[in-house]
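Going by the order they are written in, the chains are A, B, C and D; count residues from 1 in each one.
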Amino acid sequence: MDDKLKERLSHFGQGGYDRSLTGMELLEVSGGKARVRLPVGEAVQNANGMLHGGAVATLVDVVGTLAIMSADRDGRPGVSTDLNVSWFSPAPGDSTVLVEATVLKSGRTLAFVQVDLRRENDGALVAQGRMTKFLG
Amino acid sequence: MDDKLKERLSHFGQGGYDRSLTGMELLEVSGGKARVRLPVGEAVQNANGMLHGGAVATLVDVVGTLAIMSADRDGRPGVSTDLNVSWFSPAPGDSTVLVEATVLKSGRTLAFVQVDLRRENDGALVAQGRMTKFLG
Amino acid sequence: MDDKLKERLSHFGQGGYDRSLTGMELLEVSGGKARVRLPVGEAVQNANGMLHGGAVATLVDVVGTLAIMSADRDGRPGVSTDLNVSWFSPAPGDSTVLVEATVLKSGRTLAFVQVDLRRENDGALVAQGRMTKFLG
Amino acid sequence: MDDKLKERLSHFGQGGYDRSLTGMELLEVSGGKARVRLPVGEAVQNANGMLHGGAVATLVDVVGTLAIMSADRDGRPGVSTDLNVSWFSPAPGDSTVLVEATVLKSGRTLAFVQVDLRRENDGALVAQGRMTKFLG
């Protein structure tokens, strides 16, 4: 595994805004894929007790970036230029979501990643996002 | 002001994932506009000490929802179907951002909002987002 | 197959802006999937002789709508609220693209579809889009 | 005006997929702004006789690219990485739309543009899009 990625994983979820994803657990990062598990505790809920839309977008960013780093020869995290999310089904307060990021293209200067969120109990698709990063 | 909006504002930023936007200050909500100020403290930074992409997306959701509630006759917050963000310039750790949400269309069943983030000191556009909500 | 979908397929690509996708061939529509083939002729190229970005977005709309109709019990085409596209690799003037649309969620009032474009000769991912439609 | 932009304008709307926007009239291109007028004739309509979603996305691409060229010192058109559109109100078959593209950021390697479509008769916002281009 690349050193930059190893360094990032050594304090995964422990600094800055990454801490907002309370309870996030890293399952796998390798070869352009990253998988994370998040219980929908109070800290990531919206006013209706569901997983907050902002937390979903933050997962797209955080988990997508790990996948991109794992696909790049130099482990570059890059800088986001674009991100989008669509929501299909709610993730209620007593559920857990599985987040899976898959790199769509990893080039010299740009990388693209797709991120799917599913409810762990029934596999229902909660949301899908896509992110574009400039690797410089 | 609508009762639902008043109720939401009475505990603005105090519950669930809204708390992740540490230091957020509400400047104005009225007639399809909402304005918020956020100092880029450690709690909303990424690994490079800049405003985290996830915090930007969360601001689009949170401030955009206030603007939508203020434009709707019944103050409905709705449910997000789509959100996108593009990033233009970084907001470094010692800066402050001004977030301005403007409703583009408020209909019977759907509402759309544009959200601009600017650095307070020089007015540079940091990011722009758009969100679509289903009002039911 | 639903009557509305049958009716639409009977004059597929023959009216209005659908005609702009010159040479488009329908391969399959069924159960929330739709597949189309398009040779990159002069009529769909940009100034560099590649598949035009607007043609890609139009394919996302047209092929995505067929998939959505095929997933809905009443064959409703709906009205687009949001569409996005990311581009990964060019489709040059002498190539052919395969377009595959897959419904992500088909509900009572909203439907979501993902659309992938690949080069036929080497399978490379050219672009990916997502569309949200309000079914009313 | 830059030579590359002058060259492109000399055959504006006359080659490839640009021809799909039948009746498009260029009103202005200068300093990061571009304005175009399009009557909603049969050639740009969908099955309901409204302006086709694909035509809207193509306008975002075409008019947005002109604005980006006019903002760049070397008149570079770039290559699209991301495009999104939201739809607010229909543009019926006997109407005309005004398209206005405004560059949000024009940098060394990336450019971003916002594109608004309005009905000419009543000024209603029909759609809004955003596009990101890699300038190389």
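Basically, a residue touches a chain if its C-beta (ideal position, glycine included) is under 8 Å from a C-beta of that chain, and two chains touch if they have at least 3 such contacts.
The structure presented is a predicted model; accordingly, all values stated were derived computationally and were not measured.
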(message) Spelling it out: a chain qualifies if it touches subunit A and also touches subunit D; which chains qualify?
(response) B, C
(message) Relative to subunit A, which chain's C-alpha centre is the most remote?
(response) D
(message) On a C-alpha centroid basis, what's the spacing between subunit A and subunit B, in Å?
(response) 21
(message) How many angstrom lie between the centres of subunit B and subunit C, each centre taken as the mean Cα position?
(response) 33
(request) Averaged over CA atoms, how far is the centre of subunit A from the centre of subunit C? Could you give it in whole Å? (result) 28
(message) Which positions in subunit B are in touch with at least two other chains?
(response) 81-82, 84, 86, 132
(request) Show which residues of subunit A lie in contact with subunit D when the two form their complex. (result) 81-82, 84, 109-110, 132, 134
(message) Residue numbers of subunit D touching subunit B in their complex, please.
(response) 82, 84, 86, 88-89, 104-105, 112, 114, 125, 128, 130, 132
(request) Report the residues of subunit D in contact with subunit C in the complex, numbered from low to high. (result) 8, 15-20, 42-47, 52-55, 57-62, 77, 79-87, 90
